[in-house]
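Lettered A, B, C and D in written order, each chain numbered from 1.
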């Protein structure tokens, strides 16, 4: 993660780290999701990262096309909300980086902004609804102005932790959990926790 | 778990193996989890695709057939199909005249089908989408768009399928499918739960003498749970909910679907129909093509749903037009 | 008792009320417990009547229809119809060319139908009778005539109905019906009991992880009871019983019916069919018109039956001939 | 029952006695049948005698036609084995007495013999199978040679009691009970008991 810019190689490293971590992360995420949803979030993460892992070696140098192949791998494997939203984020990154082989680290907040916008549209959710969106937004704000990947990951990690704390006492407003909104007060949103674990895994 | 199966993880794929082996004249496998009519894509005809979780036969895959769906993407039991399979289904249905995505209003399915639509768009396939949201117990009438899609799906399939068969363009097929979806109101009542094979235990538990009014086809909670009522009282209350949402106007022509959620036998459905038909007629409606049977189910769940579909001069002939699949012949 | 009904004593009559209200194009009431095709008696056509206890829909009444039965007498749940109703059904089916009594081999039904035949004879209606006795689990092959009649009935109805439709005389229709009945072998397997409404409690009890191989459609005891097996093992054993009774000969043309006893959903039937079809084909048989669904049931009982019907050049076209009732269209 | 011969009036008296007694007899017969069959024998007797009661007043003087109307009433109402066999017996009596308004008491054993033959044929059972047939046969033998109805009923009653005792320790060989044949050893056959109760009721 000390390269000068985000390249396809960055995606390979990140992808294999996530795939390696997924089995360890899954039980916690399944349990969290089971309390308010259908308990498949850990499985979804395993399926998504496993499918990505299979395409990593063959990814093209065009970062945009590489993101696109990752997105397609996820759509094949993971059909629960989190998988679809992950694929949506990857597709938005694909559109934003198409034709480039090097993406400067300072572009990360903009890529996150693009992902947030696409996910909002896809999932018809807003910031504040206590979803993975709120964790992404925290990461976007925290990485703004930073140009080193390690610093960005550290800042995102801390910011998501704060967001989790801030949202814990509030109700979930979208997804499966919506129906039981009141029962979600005092519980962390599983998707936000998933993003925290992803960032932690990428930090290594 | 009392089910006839092998590995729970193989449930859906083995089911599709059997379905396509038994009825190759209706169902052809395009991908592991995608089924199409053998003659799809039909050049110049608007394609209709659907999709959703398994465990609801004949919904969704069963309705692939002439005058019905062109292709269908299939998820695990009660889980959304993948975006990829949905995109494959859209391609399989595309005869060059565009494709309607017609399916039930469930968050995951909607996100995935929208994304599949985006993919199709990148491939220059024109698509539209209509969501079936007919379960009156799942949201008030001022939030109709939030309702779950249940057995009303069958009317939307039938009417949209006939419109596409008639050679109408995508915009028209889409309009008529939306009109059919809007014409349907459904309410369910459950007597027992069912078991998702990979979960291995029932989705909920309910007392030996209890029923749940308004429950969804995945066992989503309903309006009330309490002591099992006599058939006529159940039918009366179900009609009450449906007619409160859309009162009968004299001269109405309605189709009625009395649907088993699975275990409930046709004998009980006919006992309900016996109560329902005269009530509708007394209120001034004429009943058109009543359907009594298993049209949208939840595996071995005991329970029923009642759907009213309000017809007009445009919808009625489309409902009555010929259609056939392994589960239904009109 | 978890059923949707009003008074248990009204179960059958209210069911028939609903059935005839919903499908007047198929079913007409001749007496409280007698149903006929609206166009019966058909002048010059051999009439076919059946009858038996309620609780098995579509068996027996459901199969009244074009190319199937002309009339049917209906008993209480799992009880024989009355002689009087059987005689009424015979009269309703009599178009002057004689009437075939075609039904399942149960003591009470046999005595009553014989007596109804005597009454018809006094009225100068010529009748014959064919008993369906296809359940291989209920007697050894050297006592085939003692076997119970189960889902094989459907093939006998279909083939006899087509023969009568073709204008054949009573003796020929009777011969072909007997040939069809003889061509069928069935075995059932149950996972749960069902409840006769007027009894109010299940007909037998069975453990949460148990199944019963060979059980009859009223819950008659089978070959063994033990731990629920995987689908493929169940299918393998069922085929074993059927093929021991009549081995496959290379070049055989067989129809297969994988039938749900009620609660078992089509998903599970297709999982079984997936195993069964290749085994039959590997043994040298060609499968003709496989049937997978609910054709002969025991209300909400969970379980399945598998029927093999061995066809020949005479039976096959009769099986494939068009027919229609509210439950089945060929 | 002190008339000179069996007439339609005899059928009326007998029919109404049985109808009056049926409700009292039913529970015992249901219980007996429930031990080895489906527990409906008492109900069957109620349905059969109730249906006969409705036609009694309008019966024609021709004893044969009167028997026939009784048989038809039973076929309408009672579809369990005992009902069908009772109707079968009545029909055989109808055939034997058609065209007569007076049937001498000495014909009773022959009428019973006719009923036994018809029931044998209808039910494919034999004497010795422990069914109502064995009770009828005992009655036939006992009434042979007697020409007074009271004496005939008394003799039949005693003979059926003896038959019950003789068959109690043997297994049922036909009907529903056949499947559980061994479980029927030591139990009275419900149909034989039903005939005993019928005779007792006719004696008054």
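We take it that contacts are C-beta pairs under 8 Å (C-beta built on N, C-alpha and C of every residue); 3 or more make two chains touch, one makes a residue touch a chain.
Please read these numbers as outputs of a predicted model, since none were measured by experiment.
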- Message: For this structure, I'd like the pair of chains sharing the most C-beta contacts.
- Response: B-C
- Whole-Å distance, C-alpha centre of chain B to that of chain D, is 58
- Note on the structure: The distance between the C-alpha centres of chain C and chain D, rounded to whole Å, is 34
- When the C-alpha atoms of chain B and chain C are each averaged to a single point, how far apart are the two points in Å? 30
- Item | Sequence positions of chain C contacting 2 or more other chains | none
- Item | Sites on chain A at which at least two other chains make contact | none
- Query: Which of line, ring, star, complete or other matches the graph of chains that touch?
  - Reply: line
- Chain pairs satisfying touch are A-B, B-C, C-D
- Which positions of chain A touch chain B when the two form their complex? 38, 40, 72, 75-81, 84-85, 87-88, 91, 122-123, 174-176, 179
- Message: Quick check: in the complex, which residue numbers of chain C touch chain B?
- Response: 2-6, 11, 14-19, 21-23, 54-55, 57-58, 62, 191-192, 208-209, 228, 230-232, 234, 262-274, 277-278, 290, 292-294, 297, 299-300, 302, 304, 326-327, 329
- Contacting residues of chain B [partner chain A, same complex]: 75, 79-84, 87, 107-108, 111-112, 114-115, 118-119, 220-221
